[in-house]
Structure formats: structure tokens, C-alpha cells
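What follows is a pair of complexes built around chain A, which joins chain B in one and chain C in the other.
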Partner chain A sequence: MDPLTNLFSGLRTSSSAMSAERTRIDVIAKNLAYAQVTHMPDGSGPYRRQVVRFSTVMKRAAPGTKPEPEGVKVDRIEPDQVTPLERVYSPGHPDADAQGMVTYPNVNPTSEMADLITAVRAYESNANAADGFVKMAERALRLAQ
Partner chain B sequence: MNPVSDRDQILVRLMSAAALRARVLSENVANQNVPGYKRRVVSFEDELRARVAAGRDVAGLEPRIEADLKSPSSPDGNNVSLELETNGLRENWVAYEIYAAMLQSRNNVLQTAITGGQ
Partner chain C sequence: MTSPAMTSPIGDPASAARAAIEAAMRRHADAVARVRGSETPPGADVERSNGFGDALEQTLNKVDASVRESDRLVDDFVSGKVNDFHEVALRLKQSELSFRFAMEVRNKLVDAYREVMRMSV
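So, the complex of A and B:
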């Protein structure tokens, strides 16, 4: 592959990762916003935190060649069924059951904030890499001057 | 005398290899949160240096992309190290700038020869 193709496809790889990390940041923001929602409007009970799964996008450059990674995409956004929902004794709460227990979402603000930091760092590092491709292309352009 | 020397050819190929490495390292950065992803690296300069030192032909030498299976993986099977990738990218940018500057100085010399310094 010629150098320009490498520079431009690298730029696309970085932007695909930036948009995937943005999706993750949005989902984390949603988890934090819904942290106290004990009653979803569709009647499904308390909110469950959502998790974003990433996967690599593979592309075959030409028939018969090995597929090459070409970027990252959001594979799935799924509810976290593993982390248990939180049970709190609060008899006055409208969603309390017969024992006075209220089921709260399985959102842990601390771990959401930790995930948020990871996602923001990842976003920044990809923005940095994208910047590098632009600099390299500009440098190659200056050779002609 | 052929004005496009072997040295220029090598510089152009070094720049191409650096562009490829920038892409591969950026893919590693992009995949830092993908479970099971293994980081990849580009090897070219070491083999080039060895061949030049041994006086062997470098025409058929191409940069190779290799999976790095030695770096330790996190529990989700991903072994991207953001420090390795960003420092590798930085080093690579500097190398690219150097190759470009060397190539440019050659071009300036040719330019002077063509115009007679006018």
C-alpha cells in the first residue's frame, strides 16, 4: 500500500475509534443520569446500567489477501445483567415492596467515573494520533516546495 | 549519473515504512478497548540496516506487520499499551521528519544543479 493510503486510512481508523469512544461516553452519562431511577416508564422495573462492547472492523484490501483491521465500531450496547441490583430498605418509597425494600439500579457512580476517565483518555489519544497523520501528510506536501 | 540515487530510494522507502507504522500503531490506539485485540508492530529498519551492512540487495525488502504476542495482556485479552503506542508514534513522527528533511536537502541540491544557482 502506498504511503498516502496508509496516512488516510490511519486517519479514518482514528476517527472511527473517536466516534466509538464518544458513544461510550454518552452511555456512561446515561448510566449516571439514571442512577436513581427505580421505575422505568415501560414498567420493566429499575434501570439497568448499559455496557458498550467494541469490536474491530476488518477489511480485505484485495481478493485473496488477508483482512486488515480498519477501525473500531460499537458492536453492541447491552444491559449489564451480571452486576446485582441494589436493595435498600425505604418503606416510604412509592416503589417499595411488601417488605419495604426498594430495588435501585446497578449503577455504581465510582466505577462509571473510572470508565469515563478511560473513555476520555482513549478519545484524546486517538485525536492525537489523527493529528499526527495530518502533520505527516503536510510534511510530505512540503517536499514539493 | 542517475540523479535519483539509491540513497533517495531508501529514504522514500523509509518514509513509506514510517507511514505504515503510523497506521498500525494508530490501529493499536483505536483498539485499546476491544476485548481480545492483540497489538501489531511494523519491522523494517533493522532488516534494512543488516542488509546494507552486509552489502546485500535491499530492493525486495518490504516492511512487515507482525502481531505482538509477547506483551502482557489485560484480563480481557487485549495487550495494547498506550505508552508503547504513543511513544512509538512520537518516535516515528520524528524519524519521518528526518527522512523528509534529508530528502528535501537532496532535492535542493538537484534544484541548484538544474538552475545553476540562479
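So, the complex of A and C:
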């Protein structure tokens, strides 16, 4: 393995987590944007909120050693099939059924906002970790000067 | 630091820098001892400096590769192939740090060389 890769593994772990949180923010933004979409172009009905699942990236280990996790990745982005879709009485709506009910996406803007704040804070804390890594390396460099 | 990095002095820039500084100091001490008429075998010194030269060259190659990679990353970024700002920023920082460690090793080497040359024989 490349020795430089080994030295900066902490930085790469933070970087991967930041990338994952960025994907999560993308998904939350999509959920918020599509919160009122009752008709998907493929005819599958209203939009379903999507959730991201994080997983770890395994480090390529030397032969005979156990691989260790090194970083985070977005494992998959799946539609939430559990949270029920919202039903609203709105007879004039083009997507209203025979009873005048319209099925809206299962997006709850409040919980999406809470998720958004969590994602932003997680991104920040990983950025702080990366910053700390850089500061430590710079401090170590000063020892040699 | 893990044990594999300890066995090879060129394990990473930090330990390479340490090894380089130690080697430079050793050479310095050897030179002083030789001038003072101590019994330092000349062969050992030559071999040690060969190993050190190799180690330095390898580390410099790695630092060079890292700097090149960051150049490539900036190219990718401006041409839209990379979509994460922090990825570019952190890689740039990484190559900057590697480069500065390498520069520090070089400074120590030049210092040691000057120290030896300044000596009146």
C-alpha cells in the first residue's frame, strides 16, 4: 500500500463522511422539493420520500490481515415504503379519485428539516475533524523547523 | 505508528523525515568523529549514505506523485468531473503537507551539509 495513503487515512475518512453527508443533503433537498408531487411521470402515483443508507468503506488490507473500515459511503438510496402516503380531500385536483381524495407524498417537511440540520451538523463536525488533522500535521512540522 | 512503517524508514513522509533527519545527524556525527581521528570505518558510512539516498529519492517520488495527483484533481474539478468541493480541498491540503514535509527534510539535509563544509580540517 502507498505509504502516503496510510499517513493521510484520517483525512480521507473525514472526506468520505463529508461526501456521504452531502449526498444525504441532496436527497433531503429532493424530498422537500417533491413534497407536493402527486403524479410521477412513470405513472407510479405520488412521489415517495427517499432515505439514504450509509455503510463503511473497507480498507484494502495486506494479505493475511483483517480488513478494517476506513470511511463512509452511501450504500443505497431507497424509497420509504413504510411511512403512509398522505390522503387529502380535494375534489378539484386532477389526481383526485372517485371520493375526491388526493394522495400526497409521504414527505413530512418538519422531519425533513430536522434531518437537514443533522446532516449539515454532521458535515461540519467532519470538516472540523479534517481541520484538526491538518492542524496537528502542521504543528508536527513545526517541530522539525 | 504501525509496526510495518517502523521496519521501513521510508514508510511515510513523517517517518521518512525522521529517518532522514536521523541519517543526516548520523552523517554529521560521523564526519566530526572522522575529522577528530576516531575509528569510524569508511565503508559503513558510504553504505549508509547510499541507503539514505535511496530512501530520500523514493519519498520524493511519492511526494511528486501526490502533487501531480492534486494537479490532476484540479483539472478534473474545472472540467466538471469532480462534484465535491471538500474532496479537492482536502487532497490539495494533503499534497501541500507532503510537500512541506519533504521540503523540511531537504532543509535539514542542506543544513547538515553546510555544517560539515564549514568545518576547518
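Note that the second predicted complex is superposed on the first by the 137 of 145 C-alpha atoms of A that agree within 3 Å, B and C clash if a C-alpha of one lies under 4 Å from a C-alpha of the other, contacts with A are read in each partner's own complex, and residues count from 1 in each chain.
One rule holds in what follows: a residue touches a chain if its C-beta (ideal position, glycine included) is under 8 Å from a C-beta of that chain, and two chains touch if they have at least 3 such contacts.
Quantities reported herein were computed from a predicted structural model and do not represent experimental measurements.
Chemist: Looking at the overlay, what does A:N6 touch: chain B (first), chain C (second), both, or neither?
Modeler: A:N6 contacts both chain B and chain C.
Chemist: Give one of first, second, both or neither to describe whether A:A122 is in contact with chain B, with chain C, with both, or with none.
Modeler: first
Chemist: For A:T56, is the partner it touches chain B (first), chain C (second), both, or none of the two (neither)?
Modeler: first
Chemist: Once the structures are superposed on A, label A:R22 by its partner contacts, choosing first (chain B), second (chain C), both or neither.
Modeler: A:R22: touches chain C, not chain B.
Chemist: Which partner, chain B or chain C, touches the larger number of chain A residues?
Modeler: Residues of chain A touched, chain B against chain C: more for B.
Chemist: Would you check which partner chain A:S14 touches, where first means chain B only, second means chain C only, and both and neither mean what they say?
Modeler: After superposing on A, A:S14 lies in contact with both chain B and chain C.
Chemist: Using the touch definition from the top, say if A:P69 reaches chain B (first), chain C (second), both or neither.
Modeler: A:P69 contacts chain B only, not chain C.
Chemist: Touching A:R139, do we find chain B (first), chain C (second), both, or neither?
Modeler: It touches chain B, and chain C stays clear.
Chemist: Who does A:V102 touch here: chain B (first), chain C (second), both, or neither?
Modeler: Touch status of A:V102: no partner.
Chemist: Could you list which residues of chain A make contact with chain B in one structure and with chain C in the other?
Modeler: 2-4, 6-7, 14, 130, 140
Chemist: List the residues on chain A that touch chain C in their complex, please.
Modeler: Where chain A meets chain C, its residues are 2-4, 6-8, 11-12, 14-15, 18-19, 22, 62, 127, 130, 134, 137-138, 140-141, 144-145.
Chemist: Tell me, which parts of chain C touch chain A in their complex?
Modeler: Per the touch definition, chain C meets chain A at residues 2, 4-5, 10-14, 16-17, 21, 62-63, 65-66, 84, 86-87, 90, 93-94, 97-98, 100-101, 104, 108.
Chemist: Flag every residue of chain B that touches chain A in the complex, lowest number first.
Modeler: Those residues of chain B that touch chain A are 15-16, 18-20, 22-23, 25-27, 29-35, 37, 40, 82, 85-86, 89, 93, 96-97, 100, 103-104, 107.
Chemist: Going by the contact rule set out above, which residues of chain A touch chain B in the complex?
Modeler: 1-4, 6-7, 9-10, 13-14, 16-17, 20-21, 24, 53-56, 69, 71-72, 118-119, 121-122, 125-126, 128-130, 132-133, 135-136, 139-140, 142-143
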